[in-house]
Amino acid sequence: MKYAYYPGCSLRGTGRAYEESLLAVFQALEIDLQELEDWNCCGATTYMSVDELTSYALAARNLALAERDHMNVVAPCAACYLVLNKTQRYMHDYPDIKLVVSRALAAIGLHYDDHVQVRHPLDILLHEVGLKAIAAKVKTPLKGLQVAPYYGCQIVRPYATFDDQRNPTSMDRLLEACGAKIVHYPLKTRCCGGSQKGTLPEIGLELIRHLLTEAQNNGADVIATVCPLCQFNLECFQKEAGNHNHPISMPVLYFTQLMALALGASGEAIGLQRSLIPIEPLLARKEIAYA
Amino acid sequence: MPEKPKVAFYWCASCGGCEEAVVDLAEAILDVIAAVDIVFWPVALDFKRKDVEAMPEGSILVSFVNGAIRTSEQAEMAHLLRSKSKLLVALGACAHLGGIPGLANLFDRESILKAVYLEAPSTVNPEGSLPTTHHKDDGHSVELPGFYNTVQALNQVVEVDYSVPGCPPTPRIFRTALQTLLGDELPAKGTVLAPDCALCDECPRKDSKPEQLSIVEFKRPQQLLIDEQKCLLAQGLLCMGPATRAGCEALCVRGNMPCSGCCGPTSRVKDQGAKILSSLASLVAGKEAAEIDRILATIPDPVGTFYRYSLPASLLHRKQLDRASLHEAAASK
Amino acid sequence: MELKRTVKFEADRDPEFARWISHTVGGERIRHCLQCGLCSGSCPLSLYMDYTPRRLMHLSREGFKEEVLSSSSIWLCTACYACMVECPKKINITHLMYALKQRAIEERFYPKRFPIPVMAQQFSRMVRGSGRITESWLIVRVFLRTAIWRLLGMSGLGLRLFRAGRMTLKPEKIERRAEIISMLDSVAATRKELAL
Amino acid sequence: MRNRDLTPSEKSQATFEPRIVAFFCNWCTYLAADLAGTSRMKYAPNVRVIRVMCSGRVDPQFVLDAFAHGADGVFIGGCHPGDCHYQEGNYKTLRRFHLLKRVLQQMGIEDERCRLEWISAAEAERVRSTINDMVEKVRALGPLDLIPTEEKVSAEEVAV
Amino acid sequence: MPEIPSSAIESSRERPRIGVYVCHCGTNIAGIVDVRAIVEFAAKLPGVVVSRDYKYMCSDPGQALIQQDIAEHHLNRVIVASCSPLLHEATFRRVLSRAGLNAFLLQMVNIREHVSWVHLNQREATEKTKDLVRAAVRRVSLHKPLQKRRVSINPHVLVVGGGIAGIHAALTLAEAGKQVYLVEREPTIGGHMAKFDKTFPTLDCAACILTPKMTAVGSHPRIHLWTYSEVVRVEGYVGNYKVKVRRKPRYVIEDLCLGCQECVTACVYKEAKNPDEFNLGLSKRKPVYLPFPQAVPQKVVIDPQTCIQFKSGKCKKTCVEACGDRKAIDFTQKETIEDIEVGTIILATGFKTFDPVRNPYYGYGRYANVYTSLEVERLINASGPTAGEIVLRDGGQPKAVGIIHCVGSRDANTNRWCSKVCCMYSLKLAHLIKERTGAEVYNFYIDMRTPGKGYEEFYDRLLDEGVHFVRGRVAEVSDWATHPSEKGRLVIRVEDTLAAFVRRIPVDMVVLSVGMEPQPDAQDVRRLFNISCSTEGWFLERHPKLAPVSTFTEGVYIAGACQGPKDIPDSVAQAGAAAAEAMALIDAQFVELEPYTAFISEDQCSGCKTCIPLCPYQAISYMEEKKKAAINEVLCKGCGTCVAGCPSGSIQQNFFEDEEIFEEIEGVLAYA
């Protein structure tokens, strides 16, 4: 198995640990990832607000590059995953969009014929590798670790076909295969506010607070995420989200970090040290001895 | 010679008309006297209560009691005769149904005594003395009968075997009744000894009643010149005949007066007044309440008309005293 | 108490706007809207909105452009797609929100220093320049243009992220940045040609 | 209000549950009462319904018999004027009722104790409201208490 | 009539052996009434031999239980305390019959509708149940064996009303070989449907689907079509109705008129001057006219109100001239009364539309361009006054049209009910108006109600067509302009409740979607046929769910909108159902009637004749030779009025004998 790896901008910034742990997991499971050559920003949801057509063109460049290299794309960032998928859809559904994008690609000597699949790591791990194979490779079961699985919006909505849109369970099953205990978490697909924490801070914080306290109330030790922006929002504003009576201190890890730990990766290799809320004391308490 | 059957007569609250009716049997009374031995008949013969008390239980074959039960003494006599007699017969409307005295049930004892002893224009009673049950005078004291609040028919006080209806029973009714009682086969207990059919059956004016009757006004006899041939109801007169037991041969109607219902209802009717009310009202013209009321207003005294003889025996027995004032009285005691 | 005339005349409607919304990408089914309100109910942000998504759909298709474009709701939308997946009439509400944002930015229907359009503009500028986004610089640029004081408030967090290696001042760039320019020019040209 | 001992009448009224016998026409009020049931309307449990084919079947004797046997009220339900299933039965009821009311008046039985209502098959709500209203009015009047004569007399004082 | 076997009479005279059966009806009864307590209570009542409860007495095992007990315990009386006798009396009577007991030795106690469903307190409900059971036990002891009466069914059917429901019922019956009399008040059949342009949601042309059925009625050998006629009297009873029909004079001999309309052309009025009823006054007709081109029968009619010959007697009678030898015109024609005998009757008398003058704030009658929906149907219709072009009364073409829903519906000031069809026909009109004129069309609605096959999809289609849907009840239509764009137009003021502000919308044409109302003479009609109405005036069905086309009068059925607001498919379905009900009766050839008749015991009757005028059916006669009254059992319908009226208690009613009722009265009161 070989995929074009599309990290997206965040995995080179605040989401570095996501990239580090993802690569570790894929390596452990022997899936070959090759970074997409000279990939560019997908445009994210933000670009859409200014210039929709341009954002499709930008995203399509990445698709065209993958098609040129005959590879399907793995996009771990939720926004990238959504935008790439959406671009494919809209090019398919709207001839005007296809025309604009094709011309833009032609201008740089590329073209796109809709041959690329854009997939999320959850999808690949669950459907290409399989729970059995993963469980077989678990070295350090995450025994006793209570995990709130947080999917956020854009992985499952609106395009994911690999999981249920209302009650996704792919991450639950993967982490369970690694020995973790999944807690009931009704807000697993509720929005974290995205960039609202930056633009409309009070509202953004309110959404974050709901997600954190609900995880806390349901007995989670840690929240597992699939998206760099979700992870950032949930981890970085805990002090603001909590208050004197109800302080919040909840490690928020990428699901790949938890999987990598179980598969025997060292904490440093998967960026545990990059967490603002340290996970190590928790792991020690749970007697999960990782490398 | 075998002993003749013993017969007693007694009168309670009555006008004496029923005693008269016995006498009115005329020559036939001789047959009666020949056939029976009259052992008690205060109105005609000098027997005393103690004579009756001295008789063995059930020694009298038939006691004929007329009159309603108004006083405690009448009730005592009714019980006494009941115990001494094989058969107790209510004779006449008052014993049978309560009769005219029964209309006193529209009032209570207090108001009746007040009216009679204090308020009547002809009364002179400066001390305002009222009847009492105990009286002391000159060292003598007497116990006097008490005055009931409610008048009752005989069968409401003692078990009655048969009733002879009428106010008074006509000689024919009485004679037939006697024959029945002295006959071999007695009718079922409780039977009224008269035909169990309404008066119209024997009314001479029956054929003159139209099939479709719709009443627009009720009239009283003095309000019109009564056609002597035509059905009185058809003339707007309140004739109780349709709801009244036959047997009298429509004497009143023959006298050009409407039947007033003295023979009481047929055996199939519980309440004579309710039945005549129902049948007359059904025939009233008008579909609007006001029109109906206007026609019905020409019946000035429904209870006095429909229950003239049967108020004590009716389902309601008597007028309900103002319960509010009763409750008050009870509370103040 | 400020009293305002609230009655709307037909002259207040902009039929062109109503036509535009039902012909724009994602607006094909807006007329089918039953006004059931499931979108508003499922929206995590609707509790802060002046007009709920349901009401925006109605106002849009009726052509009440001013009300729609000056609504806070279009900026509150985080594009979480909750409304869209549940919509019984399969209306692409999320995409319509993008369309309304674009239109609002185009027609300058937003308060000065309102960070969301600024962020969008800075984002696009950075992509145009580098082909990629460097989060640290994007945040700095946005706050410089909207609320400098908040940049100071964020400095603590920034420092911690920097220490954790999650913030870099080295701008990310792609190799063939000229390609981005070419593409953007091409898009602009085609758009003009086709009057999109 | 000042606390005070209840008078006997108040005491009996406090625990007094009126007994009302109702005669309902099979085609209107009886159906309306059925409809009240299917509509799960709730009303006072004091009424005992006797079904007749037409209010015209209601013999005044029935009303008196009910009173004589302990009913505190009697309620007759028939079809609206002009709506009788048998064309005119209800007019006969109306006429009899008007005369009966005069008899009851003379006999000292309060007006509210005997009621005739026209209730069509559709008027379940009127069944409910009429019953509730009548129960309350009769409750306010207190028991009618027409006990049989023998008992009454034996209980009566003979003296003046 | 079958005799009651003497053994049955014997057994009923034996000492009562009563079985009491108390039904739980699931929790319907048992949830409120203490069923166990009732069973124990009943067991101690005099005459009761068996007392049981069961979850569902009406179920097969429940019925078997009673049947078995009758055999085992030699029961001769049965009490079932369950639901209303109107539901299951027949069921349990059959149980008695199967067990060899006379069916009328049963008494039902209604403890569901009259107790458990209307009371909340268990103790009170249980006490009430005891009283009712005690009364039933006392009553049933007096029950006598009775036999239902059989009467034969006249196979002819009367259908009243020639709208789509009446037409469909008549055709169904005639096709099944029955003779049908179809009586229609107007000069033509067709009803409201004939006035419609298209039908929702399929947009079928109304005339195209209706007129073939109308023609079929007109030419059917087994249908006697009497238009311009009214039923004036109905006597008799199920299977044997005697009906009088008044046939109004149309001054044209129907048998002679060919419908050539040469008389119409020849009329001395060269121009039509009188408002045309069929087009709701939107066009004119002459005094002699054919109501509309496809009218059935194709016979002209002369309106004496407007014809000169009738007004002055001095007309040149060019019509008679034009008719020539056919001599179909007869100015001396008089109204006639036809007597017919039928066994069953179907009422399909339809509805009327709400008169919007009653909502003055909509300006109907005041503003020329405010129309009712029915008028717009004519306006849109190709054979209508404008040949299908939407031309306003002022001659213009509308650029904007407002359709106001719920006019005369869902409004406590006028009619509280939903008229059910208005949403759909408003959508249809919106579609047609938009299609024909390209106008902006606004629908003002409170709720869109589109339940029905393809109805919601039609709504969705209209949404897509770009019709405006403004949710709100319009407050006012006026020509008061407050904005330059409103000048000279009709302004609709409404809260757009979805936008949450008030809007003023200028339009050129207002369509009032008027609701459906009972016919103004519904009360007279129902009295004529002895059926009931709901409080609103709709004919009342026997059971809203299980007997929707039957009435409380046996042999009289209802179909279509006379029973309540209803669209065409529902009306047709009901008409079919009513026809089937009538046929079921006809094909059974006889019907069994309750034996609740009154009877006179001859030796007791005094011949007072009181009862004779009390019977509305002339069932009581006076036997001159015997001088007694007698009741004709066949004519007696069993109301019991004569029984209550007999002053000597000599009339009794089967199943409702005085003694039985006295026992019931004293039974319910014999508490404590």
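Which chain is which? They are A, B, C, D and E, in the order written, and residues in each are numbered from 1.
Here, contacts are C-beta pairs under 8 Å (C-beta built on N, C-alpha and C of every residue); 3 or more make two chains touch, one makes a residue touch a chain.
Remember, it's a predicted structure, so these values are computed and weren't measured experimentally.
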>> Show me the overlap between the contact partners of chain B and those of chain C.
In response: E
>> Taking the touch definition from the top, what connected groups remain once chain A is excluded?
In response: one piece
>> Closest chain to the overall C-alpha centroid, by per-chain C-alpha centroid: which is it?
In response: E
>> Applying the document's contact definition, name the chain pair with more C-beta pairs in contact, C-E or D-E.
In response: D-E
>> Using only Cα atoms to place each chain's centre, name the chain farthest from chain B.
In response: A
>> Report the inter-centroid distance (CA atoms only) between chain A and chain B in whole Å.
In response: 108
> Distance-wise, how many Å sit between the C-alpha centres of chain C and chain D, to the nearest whole number?
Replying inline: 74
>> Between chain B and chain E, what distance separates the C-alpha centroids? Give it in angstrom.
In response: 56
> Using mean CA coordinates as chain centres, what's the chain A-chain E distance in Å?
Replying inline: 67
> Going by the touch rule set out above, which residues of chain E reach two or more other chains?
Replying inline: 614, 641, 644-645, 658, 662
> If you look at chain C, which of its residues touch at least two other chains?
Replying inline: none
>> Please output the residue numbers of chain B that touch at least 2 other chains, ranges allowed.
In response: 269-270, 275, 278, 282
> Pairs of chains that touch, anyone?
Replying inline: A-C, B-D, B-E, C-E, D-E
> Which chain B residues qualify as touching chain D in the complex?
Replying inline: 72, 106, 109, 113, 130-134, 145-150, 152, 156-157, 269-271, 273-275, 277-278, 280-282, 284, 286-287, 289, 292-293, 296, 299, 301-303, 306, 312, 314-324, 327-328, 330-331
> Which chain D residues qualify as touching chain B in the complex?
Replying inline: 7-9, 59-61, 63-65, 67-68, 81, 91-92, 94-96, 98-100, 102-103, 106-109, 141-142, 144-146, 149-150, 152-153, 156-160
>> Using the touch definition from the top, list the residues of chain B that touch chain E in their complex.
In response: 196-201, 206-207, 209-214, 241-243, 246, 265-266, 268-270, 275-276, 278-279, 282-283
>> Please output the residues of chain C touching chain E within their complex, sorted ascending.
In response: 6-11, 22, 31-35, 54-55, 58-59, 62, 64, 67, 89
> What does chain D use to touch chain E in their complex?
Replying inline: 19, 21, 27-28, 30-31, 33-34, 36-38, 40-43, 45, 48-54, 56-62, 65-66, 69-71, 79, 82-83, 85-89, 92, 96, 120-123, 128
